[in-house]
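Once you've had a glance at the structure underneath, I'll fire off some questions.
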Amino acid sequence: MSEPLAPLPRLLMEPAIRGALAEDLGRAGDVTTEATIPAGTQARARMRARETGVAAGLDAATLAFELIDPSLSIRQPTPNGARIARGDVLMEIEGDARSLLTAERVGLNFAGRMSGIASITRQMADAIAHTRARVICTRKTTPGLRLFEKRAVRLGGGGNHRWGLDDAILIKDNHIAAAGGVRAALTRAKDYAGHMLKIELEVDTLDQLAEALEVGVADVVLLDNMGPDTLRQAVTMAAGRVITEASGGITLESAPAIAEAGVDFLSAGWLTHSARSLDLGLDFD
Amino acid sequence: MSEPLAPLPRLLMEPAIRGALAEDLGRAGDVTTEATIPAGTQARARMRARETGVAAGLDAATLAFELIDPSLSIRQPTPNGARIARGDVLMEIEGDARSLLTAERVGLNFAGRMSGIASITRQMADAIAHTRARVICTRKTTPGLRLFEKRAVRLGGGGNHRWGLDDAILIKDNHIAAAGGVRAALTRAKDYAGHMLKIELEVDTLDQLAEALEVGVADVVLLDNMGPDTLRQAVTMAAGRVITEASGGITLESAPAIAEAGVDFLSAGWLTHSARSLDLGLDFD
Amino acid sequence: MSEPLAPLPRLLMEPAIRGALAEDLGRAGDVTTEATIPAGTQARARMRARETGVAAGLDAATLAFELIDPSLSIRQPTPNGARIARGDVLMEIEGDARSLLTAERVGLNFAGRMSGIASITRQMADAIAHTRARVICTRKTTPGLRLFEKRAVRLGGGGNHRWGLDDAILIKDNHIAAAGGVRAALTRAKDYAGHMLKIELEVDTLDQLAEALEVGVADVVLLDNMGPDTLRQAVTMAAGRVITEASGGITLESAPAIAEAGVDFLSAGWLTHSARSLDLGLDFD
Amino acid sequence: MSEPLAPLPRLLMEPAIRGALAEDLGRAGDVTTEATIPAGTQARARMRARETGVAAGLDAATLAFELIDPSLSIRQPTPNGARIARGDVLMEIEGDARSLLTAERVGLNFAGRMSGIASITRQMADAIAHTRARVICTRKTTPGLRLFEKRAVRLGGGGNHRWGLDDAILIKDNHIAAAGGVRAALTRAKDYAGHMLKIELEVDTLDQLAEALEVGVADVVLLDNMGPDTLRQAVTMAAGRVITEASGGITLESAPAIAEAGVDFLSAGWLTHSARSLDLGLDFD
Amino acid sequence: MSEPLAPLPRLLMEPAIRGALAEDLGRAGDVTTEATIPAGTQARARMRARETGVAAGLDAATLAFELIDPSLSIRQPTPNGARIARGDVLMEIEGDARSLLTAERVGLNFAGRMSGIASITRQMADAIAHTRARVICTRKTTPGLRLFEKRAVRLGGGGNHRWGLDDAILIKDNHIAAAGGVRAALTRAKDYAGHMLKIELEVDTLDQLAEALEVGVADVVLLDNMGPDTLRQAVTMAAGRVITEASGGITLESAPAIAEAGVDFLSAGWLTHSARSLDLGLDFD
Amino acid sequence: MSEPLAPLPRLLMEPAIRGALAEDLGRAGDVTTEATIPAGTQARARMRARETGVAAGLDAATLAFELIDPSLSIRQPTPNGARIARGDVLMEIEGDARSLLTAERVGLNFAGRMSGIASITRQMADAIAHTRARVICTRKTTPGLRLFEKRAVRLGGGGNHRWGLDDAILIKDNHIAAAGGVRAALTRAKDYAGHMLKIELEVDTLDQLAEALEVGVADVVLLDNMGPDTLRQAVTMAAGRVITEASGGITLESAPAIAEAGVDFLSAGWLTHSARSLDLGLDFD
């Protein structure tokens, strides 16, 4: 088995978190805290879950507090990826009260959003756990937060699709039309791709699938908007020669039937673009 | 009446959109499009709503396309803020097919997310339209996108709370505790604030409200987690001397009763942190 | 009383100071020091005032030295905001001689400029200390240094006006003209502003003031270019219903009479745009 | 004769001006203008001098307006470097009224500060115009604005000293002490410098000057804090073998006598660190 | 066949080219040109090859000129990727002489370096053109220029390996050792990778290859430092089940024999880390 | 003698190295290492030379490792500038195995490239060590890496020419033509330059040299594409009044004869634009 996921590298997280803090501090910083909290006041706070879900984004939240004040003492009793219940303590932070209050909102915004994504992914993963299929996310992520959201999906038991326009080839209907058909598009793609890029083709019909299988270039086929029966046929046609991915309006309710059709992956954009934040709070002692 | 909202200034939008495009293009750019679409291919596409809602973020989407290719011709028949129905055309884009396909996802990600926020805000605004209260958002915005999300709330008929930690004073329970009580906190705040910052105080009880009114410094009181009856009493006590804002777990269902209690504002973090994206698509001719 | 002002948050100061160091080091760094100072040479230096004034910007100077060499040992016996006399020691820095010499100029440039602003503000504040008025600065700050200059004004006993175009509404003559008069401008502003932005109106005549008071929207009126007698009338008319701010060509000499007219604030752009640097020097042992 | 100075390259000016606009627009932009000025309102404004001086920074002001709105039409009837009198029109700007008002303050902040520097430099240059000496600035510039301030000095008839720590060697007392004397410092410097860096030595006494002349490495000597008589002796000793620069507390009043002593250059830090802004205003038609 | 390579997207090229221009212009810009070239002087220049090779980087050079002066008129009679001979005109640029001279060096630095890489790649590609193998580059690129160098390799007839640490899995000896062997490393990789990342394994021996083939996870095997005979055996063992890549000290001389062994790819780091610049010059009319 | 060269200041190195790491880590980081190396695995590695040369860039490599993981323990037994032989240990790094593997390539890319430049410079320096001439580099550096490459040249025993367009005046043929001749160009340059910029003139003929010497403004003459005999005449004519620099197609083979002609400097662009990387490797224990 592969390793449990480590915190994201600081070098990758830092620009977005620094940007979020700058956005919140504005030009003058936390005026309320400077006005009302006596300098030197010490405090201890616990970030707690206020509902059930899966923890994620705690590495990002930790960095938000550290960027405001590296002298804060931070413990994280709950690992990213853990299932959590109402009342569970996710982080404990101790130190200068002003620093704690100044970083609080950005820390919670990251942790809440990512935990929300991990939680809904977990629900999807659980819903299809009896099948061989795995749920994966798409490029429909929040602008600027793809790193964090793709990670949250993994922490929730899902997998990642490609990270951008450049790390895999995904041929959709418009590409097919402009290239002059499935065969032409696949041939061009193979010629371009070299040996280190996977090639995926979106097919809307079993005829297209048949043509793709005949050409034999695609590593993956995206079976778009097909019902369980059609998917089952597609899986049979694919016969293990290509990886199969079902896509298009899949919900928590429809997922089991789709997964039971035998596809390898279910992709769902709403894991990232429409997850609601998990309710987390910072309680001061 | 104030002016309809103009597109956001390009200077303010550009960093986030440039960042989102860089995130999506990665190091090598849109390899699929370069591989499959013949250079010079022209195309025309329409961004259409696939469900009912309120349009927002179309200025951001426009800039995404322009940053990829300033020679694209873009029309926007639907203004930001308009109510839209399934099938409505939000944008028409014409020009180099490669450019269109490369910018598509980032453009949709911005427009979908912001329209989602505007749409849910519109629902809230409609639900309390028979009262004098107005719905407003909070600082629980997506890291890096506050500019766009605050605008989306306005486009949906809501209002904005403060934009960050520095443009108003908002004294919460931890500030009160550390300062040594409501009176001390308010006095410190007034001494600090000068004449151009508003001061808001979060109160959890009517006793705190009474003390705040006696001190007389707060411009606004945030009435946290109070039911309609308590809110009604609070409004009576306030008697117009302070602006009243209800907060805490307000839903579409509970909003009307809360608004009918007579408060000036209802604030709800989920407008921004938990709105789902509105379903938009780009259809090629 | 509110807290004495803490050093500015590092997160806010860092970009400007890093930029100033990059500007001074250029591509090749401090060639003189590398050429002439033997590696490993240790030194101790004291930053001293060479004239009377008020200390400010020592947090920025400290960060300049730290960014060049975090191993420097820095003491700051004089707090920002303290009145200082010729010869007073503001900072003591000890460590690698090369680092000290390389950071010297940027450190002094920040401390000298900010102390100059604090010093002239202190003179203004002292000149009107017998009145209830307070001196405040404007947006006429040095491009890129608003954070530091607004702070220096506070350290000199003054107050801050708005920090930018977005944290308060300030309606000037051109806005009034374009909106179609004082009433129209104020009505638009109130409609736009929501509950967390203060609204200020610039008035040139008592008639305009009367209209503004009748409309009743403005929190603050800026009384532009009025003599003490007119100001006195304005204050009487305002009768505490709005905050009053006098502005326009106020000098150290004219300030007392203006303040004695009873206004709440005197604003002066030259505190920031035309203060001369305080003469500070770094003396090596 | 060399060419009149062209506008600074946009590539060099843009970061500072973009930064200044971002600083002023903050997160939400110009809320007053958006609230009160009807969309589409056209306006014409003239930037006028309100006092006598020398124009500078008009290229920077132009770029500020262009960055807010490239569709503004801008004329600049007065070239940078021109002597101006009260009422002279420096720029004419026509177009969208909102854009004009939003960019106004940043444009004026740049033009006012740079014109102030050019004006005081012009006074110094005029005061010593009967001599062969030329006034020059130092590295005591405003952090982040060196490009603009060095240019303003030239526009006022002065010259530039080195631009940073890396484009020339300037050996001061601390370098001499650490190196073990004038000869050692100069020898090290020559060995390090190569053939494209000038070497300047600061000398406090004629003995040091004699030693420097004997070593024969320095291209320039900085004669620090010497009165006219000593300077005259120094110039005689130098006998054209090195360029001579007088420095240290030189004022408009003391400059002529110092220049008459025969030195090549007078350097004065206050040209940049303590110039007051020239009073400029933007008048709308 | 896939499309001829278009110019790189401006959005991707701009940061590096803007950075290179800033590096060259420094703080004060092109002082020589400003001093000696009369303002308004027009010029026409041709970039010419001074030796035989393959053109590349002309899109980058074009952008360098455009960023200095968008009014320059630029023609590019030679497409990137074309074989060129001494004297061939690659670009013609016409317009302001100052702009031309200021951008010249950065433009040539990009074009020369990239043409150098394309040229040496072309030599390698030609040397193995009689085989089915293709030459590819590695991650041993110049820091900050990977985009341009990977493109230059393609323009010279080579292919690209992965673009960074994140777009494919490449398991080397240290990974194998730490994971506990080939099987463990491959199993972990498969579990981690999902369906859109290719997996490559570096093998040093035929035994390792046999184990890898048995595990059946790797898409590609990197055959490190094997001679033609061993490679031939490896290719036979692979039998088309995995893509084969030969690597390790391959030179122009040794390439044909290696390619003739039947491998799919030859990778060579020196294409990018040790190519010499192609000699290009800018001749003014 | 001047000091041995210290490591470059971190402030100057950091942007390029951070950029190179971001380029290599991409969006998702080092997926291979995360997949295959168990968290917490410790490792020790040695960077070794695999061929003879001169060490350089080890400060940059160190910073690459530190930016990935500040807890790594790094020793550098070989100073930058040292002559190294195959097998010599340049750096020893100990700590988290994942960090080591993630930073490896960027560290090696910097060290290899810079050591390559230092090594070839050392060969040139040795080839002319019997003369008084010194080899120097040009502005033909890799875009974005000038800081590191200029340093590498010094570490190899060479010297630096100007660092950019702004720190010295270098008048070439096009400047001369546009200015109207050698005399006009030099006069303009002197008028512009002030006292802290050196002036160099490129001359193609001895007639031009004679004219330059007569004008007497140039500090340095660049003798372009002259053979040893002509150079000898030029040196005689210069007679120590100007520094002489030979340039144009100088190779390791032709260098001694050119240096023996008596010039002060030999400049060669290929030291930086066409050096091949020195072969370095990271060996794990």
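All chains are identified by letter, namely A, B, C, D, E and F, in their written order; residue positions are counted from 1 within each chain.
Methods note: a residue touches a chain if its C-beta (ideal position, glycine included) is under 8 Å from a C-beta of that chain, and two chains touch if they have at least 3 such contacts.
Predicted model only: the values in this text are computed from it and were never measured.
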From chain F, the most remote chain by mean C-alpha position: B
Centroid comparison with chain A (C-alpha atoms), farthest chain: D
Chain centre separation (chain A, chain F; CA means) in Å: 44
Whole-Å gap separating chain A and chain E, where each centre is the average of the chain's CA atoms: 32
Inter-chain centre distance, chain C versus chain D - centres from mean C-alpha coordinates, in Å: 23
Interface hub residues of chain E, defined as touching at least two other chains: 2-3, 23, 25-29, 34-38, 102, 146, 160, 163-164, 166-167, 188-189, 191-192, 197
Residues of chain A defined as touching chain C within the complex: 18, 21-22, 25-29, 34-39, 67-68, 98, 102
Residues of chain D defined as touching chain E within the complex: 2-6, 8-9, 11-12, 146-147, 150, 160, 163-164, 167
Sites on chain A touched by chain B in the complex: 16-17, 19-20, 23-38, 41, 43, 97, 101-102, 105-106, 108-110, 112-113, 116, 139-146, 163-167, 169-172, 174-179, 185, 188-189, 191-193, 197, 270, 273-277, 284
Touching residues (chain side chain A, partner chain E) in the complex: 1-3, 136, 159-163, 166-168, 188-189, 191-192, 194-198, 200, 219-220, 243, 245, 264-265
Interface residues, chain E side, partner chain C - complex: 23, 26-27
